[in-house]
Amino acid sequence: MTQQKLQTAVLGASGYAGMELARLLARHPRVGESLLLRREAENGTEMPPLPLNGHSRPLQPFSWATLEKNKVKVLFLATPHEVSRTLVPEAVGRGIRIIDLSGAWRLKRDEHRAIYGFCDSDPQKAASLTQSAIYGLPELNAERIAGAQLVANPGCYATSVILALAPLLRTGIVDRERGIIADCKSGVSGAGKEPSARTHFVSVADNLSAYAVFGHRHVGEILEQLALQATEFTFAPHLLPIPRGILSTIYLRLRQPATGAEVEACFRDFYAGRPWMRIFAPPQLPQIQFSLHSNYCDIGFCLAPDGQRLVVISCVDNLLKGAAGQAVQNMNLMHGWNEKEGLN
Amino acid sequence: MTQQKLQTAVLGASGYAGMELARLLARHPRVGESLLLRREAENGTEMPPLPLNGHSRPLQPFSWATLEKNKVKVLFLATPHEVSRTLVPEAVGRGIRIIDLSGAWRLKRDEHRAIYGFCDSDPQKAASLTQSAIYGLPELNAERIAGAQLVANPGCYATSVILALAPLLRTGIVDRERGIIADCKSGVSGAGKEPSARTHFVSVADNLSAYAVFGHRHVGEILEQLALQATEFTFAPHLLPIPRGILSTIYLRLRQPATGAEVEACFRDFYAGRPWMRIFAPPQLPQIQFSLHSNYCDIGFCLAPDGQRLVVISCVDNLLKGAAGQAVQNMNLMHGWNEKEGLN
Amino acid sequence: MTQQKLQTAVLGASGYAGMELARLLARHPRVGESLLLRREAENGTEMPPLPLNGHSRPLQPFSWATLEKNKVKVLFLATPHEVSRTLVPEAVGRGIRIIDLSGAWRLKRDEHRAIYGFCDSDPQKAASLTQSAIYGLPELNAERIAGAQLVANPGCYATSVILALAPLLRTGIVDRERGIIADCKSGVSGAGKEPSARTHFVSVADNLSAYAVFGHRHVGEILEQLALQATEFTFAPHLLPIPRGILSTIYLRLRQPATGAEVEACFRDFYAGRPWMRIFAPPQLPQIQFSLHSNYCDIGFCLAPDGQRLVVISCVDNLLKGAAGQAVQNMNLMHGWNEKEGLN
Amino acid sequence: MTQQKLQTAVLGASGYAGMELARLLARHPRVGESLLLRREAENGTEMPPLPLNGHSRPLQPFSWATLEKNKVKVLFLATPHEVSRTLVPEAVGRGIRIIDLSGAWRLKRDEHRAIYGFCDSDPQKAASLTQSAIYGLPELNAERIAGAQLVANPGCYATSVILALAPLLRTGIVDRERGIIADCKSGVSGAGKEPSARTHFVSVADNLSAYAVFGHRHVGEILEQLALQATEFTFAPHLLPIPRGILSTIYLRLRQPATGAEVEACFRDFYAGRPWMRIFAPPQLPQIQFSLHSNYCDIGFCLAPDGQRLVVISCVDNLLKGAAGQAVQNMNLMHGWNEKEGLN
């Protein structure tokens, strides 16, 4: 008996993350042909020929009727956060499960959410959804994702930083008072597809620049997921002259001197059985190229001769493990499928 | 006795060519502090810190009164062609000499100009100026540039192609009926500073694309300057994933078999004494890097074993020999100065 | 009943094409775990972590005994051409089918082969194999590939040029006497993995250079496959500052004026049913990004207003359709499988 | 009366720093035509056409006789450190002043020098020279450089880090016990011109990698010049996919909360009158592009809301302020000339 395929839709399928999602879903063995949607406001009506291997399918305009007609069970939102904030309450009411790639539902605490300036039409419902949304980082929250109605897919920087720090912080070996620093470097697709002076080729090529130091939106996610205080964590993102990929260099101090083997074991134990984590044995370190075009998060580290200063290197492809790949991984968990399904 | 310095102004000093002009004029020994101007429409009011070595001078809004107050003798227009088409008649009336970097005044023939769609308020005066404007390619027109009121600075592709072909065509050794092909490759600054989907880093990086094949605006200049028929010349520009530089690969056939030495002599004789031309002896060929950040036009070639098929390679920095550097070279000629002044 | 999987081996699995082959074979549904081999001379014994998704399998040294023990039925050679020239006679004698990615067996005519300077130990046998080898371009030679013992996988430039020209030449609409010009641009992986001054990052970045004009090894393949005379074809390759991808811009003249629709039909008819060819309808043109990381050859064109001057643009990923992907496509044909198997 | 020009020589003029030196010296108004030299071991005998604007002068083999014949007063060494360690004692004996761009003479303490593994033929003389060599960072050591016989030109990373930290450390406002972290990113020319797997275009493009964390040679310089303990300083260099330029992101904690104005004043006071330092006012931050092709060191910073966590950004062109430009600046100081001479 042929199993029925899952009906899905992608809203915002012409953006970078949306195109990757469309590409991944098109070859996922358990998913039917996805509905590729655009908001009314978006004027591009055709997918570029790239992601679907030559079948440049036109995007359809979004409507609830279209979703209903196609019996969509899972809706991926690759939309600006205000759009997501507006659509999710209704989608939930209609019984559609949502995987939201924006920052709309990632944060539980008001002080972290303030930076987004949400303006909800039904604040009470929004507050309730905010608390019930599950932060979609499968390596930390697999069980809760499985039953979630609304999954808030993590930010790309946040994915890379949280996965590098969680094993160390949860085992309590980090001297948090000495502070944790994340010096992150991202390719340009992380800044989105909208043309701007900042993403002009001539501004980026042959260049490197820091931006939003101490003020990036992903800081809130990192603090909440790792239960850190704001003063314990310093975050400095940089724009790399490459299309995609993130490398985070994370600096911290251990409470007690440790050996490299102990640090490596901490990572390996924490991520045992997790199919999309790769731990590098010293002196090997991850590089952006290694995880590019894959759903892996690669982690390696260097320990100082004093055994206390630790540098952790973490790499993800910002459009896959940092966005669309992780969204598919979450979809897999939500349906009891293997986490690797459709991602190889 | 100290010689008085020339008063100049640059309108459009925040664009790529305008910034280079501002930088070159700032260190030109015979030029006073240039007036850096913006059109009312331009909202950027500050120069980026780059070109003037740390002195980020604010741009002043353009007005004729400002030009007059500063006794501007030479006005550089790094503006869209419609702006140039509007301002030049008045500037000429005020006795200001103009070096225009746009395509507004380069073309004598109506059929070539049609592509620009000019809409002149005083068509008669515009027509008269069109005919009196001098095409500012110093290696071909030095004498006429010296006395010009209005110099039409050539396009970047056109500079690279015309300089590669002029020696061969003027000595009559090219079989024009067999056709001439220019396959040109340009860095992204040639597309201007305006952000667009096409100049987004992610669109350009790891890519190469052809565009405007048979339909690029610079074709008209090339045909007019080289006295070619439209059917004799094929032009295919390509967008390179680099910030600046042009390499043109030009294919043609000689009427009679020749030797490499004869071809080399043709180039060397034609450009004898021209300080900004470099002829490469085979098997050396120009590369984009060699002329980058200089005002040189580099030319090399390969001759087929049959002695008739000839491939000419020509490189310029599109912002220098292809724009701002050539404009300064023209200014030098207009004042009887050494062509190299301020360009080393 | 489970079908038995094909046993394959890759010699030279640490080079760029070899790594891609290892990656493709690892996920091919009809192929068993491939033997990854190195020549004695190669000192790298480990695959980089990239291609096999984290399983950095050590390369084994090559020996006939190892091939026999593993019952290898198909041997891929991603080796220098001299190595291939040496190994193939013995492999054929042992009944192993070979897909050779080098230039060793592509050329039938002595004058084309001279550039390689082969030095065969058994010239008679080598000559016989040379004549029986099948040029592995599936879109032209599918039937003969199916039964081949020795498949000579085409060069990357040659793939891109031959596929762009074959439909036009075979229908006889090209004015060959007027000459055909291929201006090709390739990413750096085409130059191989051996470090050199030429492939140093600083030499390539922010640069473009022509090389081997009139003298590139792939010219022979193109002439033979298209039945062209040497004087009818001009080939100028250029090195692009990107890791991978080829764009060829090809210039020719039609005997009689044609319409764009006729040209498009010529391509579409010729490649009807070929799964790895994509024909672009004007004014759309292929770009390197569109075929990157895929096995597609993309073809588009521009026709001059005179209906006779034609510019064809052809793009392939030099490591896939230009090497490893095409090798797998050939393997599929050799076993009666769908050409797309393992390549999606 | 015409002042006599200084006679200089550059040994290693075909490397990246050596080429920049040759270029800078060729246009320095107080320097005669420089002798461009190669070691016997170097096989390249020609300068590439790039640096001397088209005059590809052959390099002469090094000999003391050649130096003497040309009355060389200042010898620049752009050589491996062992070569410099061998040549300097004799050069000093001959009364030639040396500006050494290698790491041979930068370090006073044995424990820092150990990483270089020097093997001196006359250890006593070498030890004496080691102690008398002046660390050539003009912003810290201008007076001692003026009278120096042997100037040890700083490393590129060290220049960027020391200049960012010196003002803060010397005013005693840094909580050194909390540790200082330098996350540095450099273009590929910093790795030298020797081709290697690591500098292959395909290895670097679309990539970022950390290397030599806790173990880079420049750490010793930084510790010595800033009087830091090894455990107080963490250094992690990264290889950027760009040809040149360094951006260092430096993390530290102030003893007491401060205001941005106080931090800015600390930098501005310390570097008052220094022509090659540019301090950026918040929220402006340096980018690699801003100092590229100039001798500037650009410094900016972000202060956390808590007033104690400070992120300093420092940029230099590794081949200019990080090597050849700083060498010329040192030469200027050694002769009582303006520090800017020949560097604009």
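Labels A, B, C and D are assigned to the chains in the order they are written; within every chain, residues are numbered from 1.
We take it that a contact is a pair of C-beta atoms (placed from the backbone, for glycine too) under 8 Å apart; a residue touches a chain by one contact, two chains touch by 3 or more.
The model shown is predicted, which means the values in this text are computed figures rather than measured ones.
Participant: Is the C-beta contact count larger for A-B or for B-D?
Facilitator: Looking at contacts between chains, A-B has the larger number.
Participant: What's the farthest chain from chain A if centres are computed as the mean of the Cα atoms?
Facilitator: With centres defined by C-alpha atoms, farthest from chain A sits B.
Participant: CA centre of chain A versus CA centre of chain B: separation in Å?
Facilitator: That pair's centroid distance is 46 Å.
Participant: Please work out the Cα centroid separation of chain B and chain D, and write it as a whole number of Å.
Facilitator: Each chain reduced to its C-alpha mean, chain B and chain D end up 37 Å apart.
Participant: Among the residues of chain C, which ones contact at least 2 other chains?
Facilitator: Residues 203, 205-206, 241-243, 289 of chain C each touch two or more of the other chains.
Participant: Show me the residue ranges of chain A that touch chain C in the complex, using the header's touch definition.
Facilitator: 27, 48-50, 53-54, 205-206, 278, 289-290, 293-294, 296, 344
Participant: Which of the residues in chain A end up touching chain D in this complex?
Facilitator: 178-179, 181, 183, 185, 203, 205-211, 213-214, 231, 234, 236, 238, 240-243, 245, 247, 249, 251, 253, 285, 287-289, 292, 302, 304-306, 309, 311, 313
Participant: Give every residue of chain C touching chain D within the complex, in rising order.
Facilitator: Against chain D, chain C makes touches at 16, 188-189, 193, 195-197, 199-206, 241-244.
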